[in-house]
């Protein structure tokens, strides 16, 4: 149906297309250049970066910035490893918790269901910054302060409303008839969830996982407040530490390298899974 | 392969009774079609047989076993859904093997059964595709394959053809019928399309408002509908209905229409209707029982103002009014009817029906 | 026996190094846990409240009164007073560590605020690079001259958008004139003083003339050294670490350092840096280890190491030895440490550090704003309100 | 055959009968536990704490509504609320001004359009922290790209210092946020655009509607759901803005860019007035709930789908 | 109200020619139906007439004006879309008035026109509803209202009924026809349903692969298809086709089927086919031209193995094989056919067709 939207062979078609390309490229420059500049500068030696930050290619390719990043605190790979562990933990736990919850909301009816749903959704409306203090006290109570596990639990909680919402919509999209067909085929509840529902709702799961990854990977305020031991820091905290300088000097080169290390996994993940990401986003959003 | 018995089956949703007490005996290998208007409870009945809905009252018996409390997987039935409900993420082979795997059959047996079913349905070369890569007719066949591969006692179909286009629908209809002849199995088939019902069924069950209006072989329903509802539902285009008076005239009976036309009832049918002389009735006659001028016994002729003409090739439909009612007749194209002309039309009174204006029961005894 | 010390990240490297040296030569172990600087206080506070505290902490000295008043720290008066070199410990550190007559901490890594000035620019502007500005008014005059050299060259740089920098660099002007914003016991506000007004007048003068580097106003200190090192800034308000930092990182910059003068003369400094405190309830064995560790880093050998890594030794009596290998300009800061002060308050965060605190508002309002009197009055009121609420 | 006795099987429902509702509850329970322990309880604690003078160290003291009455007279708070509103309005407008043309631009069945969609969306996946630090560098007057580029093309003579005064600081923050989030709004609007059946547009063409009138009378009203959704998301996240102000402007100049969440952060984690911070949180929460409620009313009146 | 002329109209999408040169003259007030299989270019042609697609070559003339370069709003046409394309956010009244507002007509005139159109279509009481609150048939009527309110020169319909259910489809079909009789307007109607085409059209245009196969009145297409394609497309169930040989036999001609059956061509049709004697042909016969045993001139009888029987009430379809081809016949139910029996069937050779196996052109002259 959308096929007929453009008339590539119409009179205005060719110029229209060129105009489209031109405008798009201008916008693309705006959106892509900051990223490109940052990456380019992360490979420049300090002097060159200072002299000509806008250049895309440096005369000398240097990994010096990344090497300096190793001397920041415990070294960037420690922070990267922490970030990876937190992200993986958040992704796994979010999926494990939100998939059954979405299934429960989508395919079952029980009293109080809508109130529960609203309660879970309300989490989206309230800034978690505003309950940081009690969270801090509760984590302490649970003996989970200054621990990656505690942080993961917080991230999962604040990832849940969106994820449950997504999964409910994903499961809603699975026709009831499929479940009935499976029941007639003699499948148990567990089999139905595992072999029928989950594979079909996979794009939804992928979206949920990706959001969980990106949000936990990029989050910094909670990490800043709940982690105190520098061996447990995540990449964003490292970034903020680098950017707040020491004795009035910011190491821009190391900062670029840090930004690159923080940013590139997200971009790669996005490029790999963008189909799911955008589709899941819109499917979940517009419902 | 088993009989299927519904004993006073009731289904309520809250206070709403969707199915209000159904009794039906279905013979081994019989092909029964449930037909009726939307919302009359066909799907609900079928789903109760499948075990997808709990029954509120009554018993369902498959073979010799009351299955009321058995889950759908245990009833040894197979079902084909309206949209086929194929598992979109599985290949055709996996779709078909899924239920066999659930039964934990040995691999070799599964393979053997699949290839047999696939051959029967000519889908062998589709086995590795996904449902998304199949045409409507092919999906339909895969759904059938999934059903037959388990040799169920009962086959259930819920409007399996209603999403296909007209041509394919006709084709798949004959294919299902042929399959039933090949692998005779007790079958319950739900549709709201009376043509499907008429062409496929050993026995047609007409439902209306949660109860069975009439059950019987197609020709019986066509020729001897027990109610105005069944008469109007079966046959296309629909039977024409006119409010009228049945009067005794001398020895005979005559139907007097609203516009004053008098149509004599053939002597062969006096017996049938004599008891109702002098009462208001609903007079029913099918379009195919109205023809261009025919001088045969039992045919009564009136003058009609032709309103609209639809030539269909082998036959031609004409529309005309009697009183305030628009009538339809199916005449021979040779008579060359033209819109906005007058034309004599003959009613084959041997084929007429009379119904009670209150309740709509047929008045024939 | 093993003890755990929490250290803020900025001092982490030095303490880590000391602990390693100690562990290498002793059977007891000192474990250093680095905590982000801004997180030190909330973390420690929560940990103390929650009973999960470390054995000791190396923390910013301005927080000592708060923790001490709160009965969180272990009294080590006897130990401190018993040290043979107790007289040689930074007086301001000891004052801050004292509450109710008891001493709760030992200086670890002291530093002091000073000014640094670019001698090349001084020469260019026709000023004597050998003679440091002796008063704030002189600074203002010099700064204007330097700015006159070039539109992109500025006479003066201070960090105006960070409370912790302001107390470090701005308060010494007042102290040099024997004024202060707080009474001696830290319980009363004394914002509106002639010294305050003179100081503000000098700053306003420079700002009006464009002699202050524009980033000063919004900066949080991250660009300060870079700006100075670029040779475009005449006088920088900074700290004692600047000497080692510039000589190692920007050896080309020609500069001299001087104490921070008052508006009409005099000199003072802010005694900053870290103090070691033990957490209340530490076992006797651990306490012994901790204090042994203090004795260890007070030894001359370690003091040299500290000076090398962080710019200033913990003991003033070792200055000559400690500085022998370093740039002599370091001694300027060291000398001033004896005169250096630190505000004694139980609410340094709310008064001084907080971005929305009254002190920061005072500076921003009076120096860059229009209503000097109003700002001063408001600051006095806000100080009083906070003190009323927080005084123990 | 007809009369064979049938066997009634007296056994519990076996196989997989119609699943019961409580099973659904069981599925939801773990998720709900998370929400309960780490959201609902802290939320209640926030309210409770707001009635206390609760310093980080020292004893907490019940002070009733004193925090709230102080809050009413807290100019800094009102200023930051006002600023947050202003920022929300401006940044939301700016995002729509950019995202709408973008959506129209990439709403075509071309490969290249898909490619551009990817590029425009790319900054969305970068965290606010990384993005803010990245822009801090871009904007920095000494070694930043913008200074160099602008100077290079001769637009300015001395390095720009946008963070030194309010409006330029606001402008660059908005620019950064547009860069970072316009792609997200674009995708939402795009879904709305693509949800409009081409037939309807063509029907309007045949009805003789001009390009402008088609956009105003057909496209816009039919995108309502997407527009409202994009609005809700943008407004909510702008009201909660923190990272960009914390990292790039650091609240300056003169505390003029302290957002609502920033002031909560300051009260709780800089002044360590946990009770007062809780009161602020609760006040902000009420403002947000009010805004959300208004938006949900907007959302509920959805047009009938054709 | 105007003529409409397509002169050698061509449409290419890139290198693909969707419409390959169409010539057609449509009279003032004529009702022309385009019919053809999916993808044959019907919609494309219609959309070119509407101005929704640019034409690659040729001319389109409405009234006396070449409209090639005119926008759709300027062509004075109205169009009804498959999904009606009602504006979902506007009330029925606004939907109908939208085009009038675009023409900046005075308010009073708009109101007057709307109420007239609404009365004609019996939708007056729906005017304040939204499309989402209407049933399928009502939406259909609103779409018609939107079209007629502007008194266009030409009405265009693109499969307006294909989303309705069977019963409603029949009803709306007669309604459109009636409306055309009430407000005669040049009309182009696209469908892929040949029954619709046959019943509605003054003239049917059969398209295939981007060209017109045949254009003519319905009965002409039914009785004299110019090609095997048209013959197979028009009529339901489809004409049966068999490969055969046409041989001279004595004075006469005989069709020899694959299985060896010999069917004599009636003398009346010798003239027509004589030239093709001795050649392979495609023999075509409609199901309704095959009847149970009939001893009339021109009927040829064969013995058939009945495969499947579909009783439809007034008639019965039977399926049987000749060689490898499955044939369908439409016989009188009275003959009571049964599956898996032998039965004599008579072909009415007066109604037979012969086609060229290469290219499929009809061989009759």
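Worth pointing out:
Each chain carries a letter (A, B, C, D and E) given by its place in the written order, and its residues are counted from 1.
In the analysis below, a residue touches a chain if its C-beta (ideal position, glycine included) is under 8 Å from a C-beta of that chain, and two chains touch if they have at least 3 such contacts.
Small disclaimer: the values here were computed from a predicted structure and weren't measured.
Counting steps between touching chains, the shortest path from subunit D to subunit E takes 1.
For the pairs A-D and A-B, the larger set of C-beta contacts lies at A-D. Taking the mean of C-alpha positions as each chain's centre, the chain lying farthest from the centre of subunit B is C.
Between subunit C and subunit E the centroid-to-centroid distance comes to 93 Å (mean Cα coordinates, whole Å).
Inter-chain centre distance (subunit A to subunit C, centres taken as mean C-alpha positions): 40 Å.
Separation between the centroids of subunit B and subunit E, computed from CA atoms only, is 28 Å. In subunit D, the positions touching at least two other chains are 15-16, 140, 142, 197, 199, 269. Among the residues of subunit B, those in touch with two or more other chains are 51-52, 71-74. Counting only residues that touch two or more partner chains, subunit C has 42, 46, 220, 223, 226.
Residues 166, 170, 174, 177-178, 181, 193, 195, 198-200, 218-219, 222, 234-235, 237, 286, 288, 308, 310-314, 317, 319, 330, 333, 339 of subunit B touch subunit E in their complex.
Residues 15-16, 19, 21-28, 30-32, 34-35, 37-43, 45-46, 49, 102, 105-106, 108-110, 112-113, 116-123, 125-130, 133-138, 140, 142-145, 148-149, 152, 179, 182-184, 187-188, 190-192, 194-195, 197-199, 225-226, 229, 236, 240, 242-243, 246-247, 261, 264-265, 268-269, 274, 277-278, 280-282, 284-285, 288-289, 292 of subunit D are the ones that touch subunit A when the two sit in their complex. Of all the residues in subunit B, the ones that touch subunit A in their complex are 47, 50-52, 71-74, 77-79, 81-83, 85, 87-90, 98-99, 102-103, 146.
Chain contact summary for the complex, subunit D toward subunit E: residues 197, 199-200, 202-210, 213, 217-218, 221-222, 224, 303-306.
Those residues of subunit A that touch subunit D in the complex are listed here as 1-6, 20-21, 23-24, 27-28, 30-32, 34-35, 37-38, 41, 49-50, 52-54, 96-98, 100-101, 103-105, 107-111, 113, 116, 119-120, 123, 125-127, 129-135, 137-138, 153-154, 156-158, 160-161, 164, 183, 186-189, 192, 214, 217-221, 225, 236, 239-240, 242-243, 252, 255-256, 258-259, 262-263, 266-267, 269-271, 274, 278, 281-282, 285-286.
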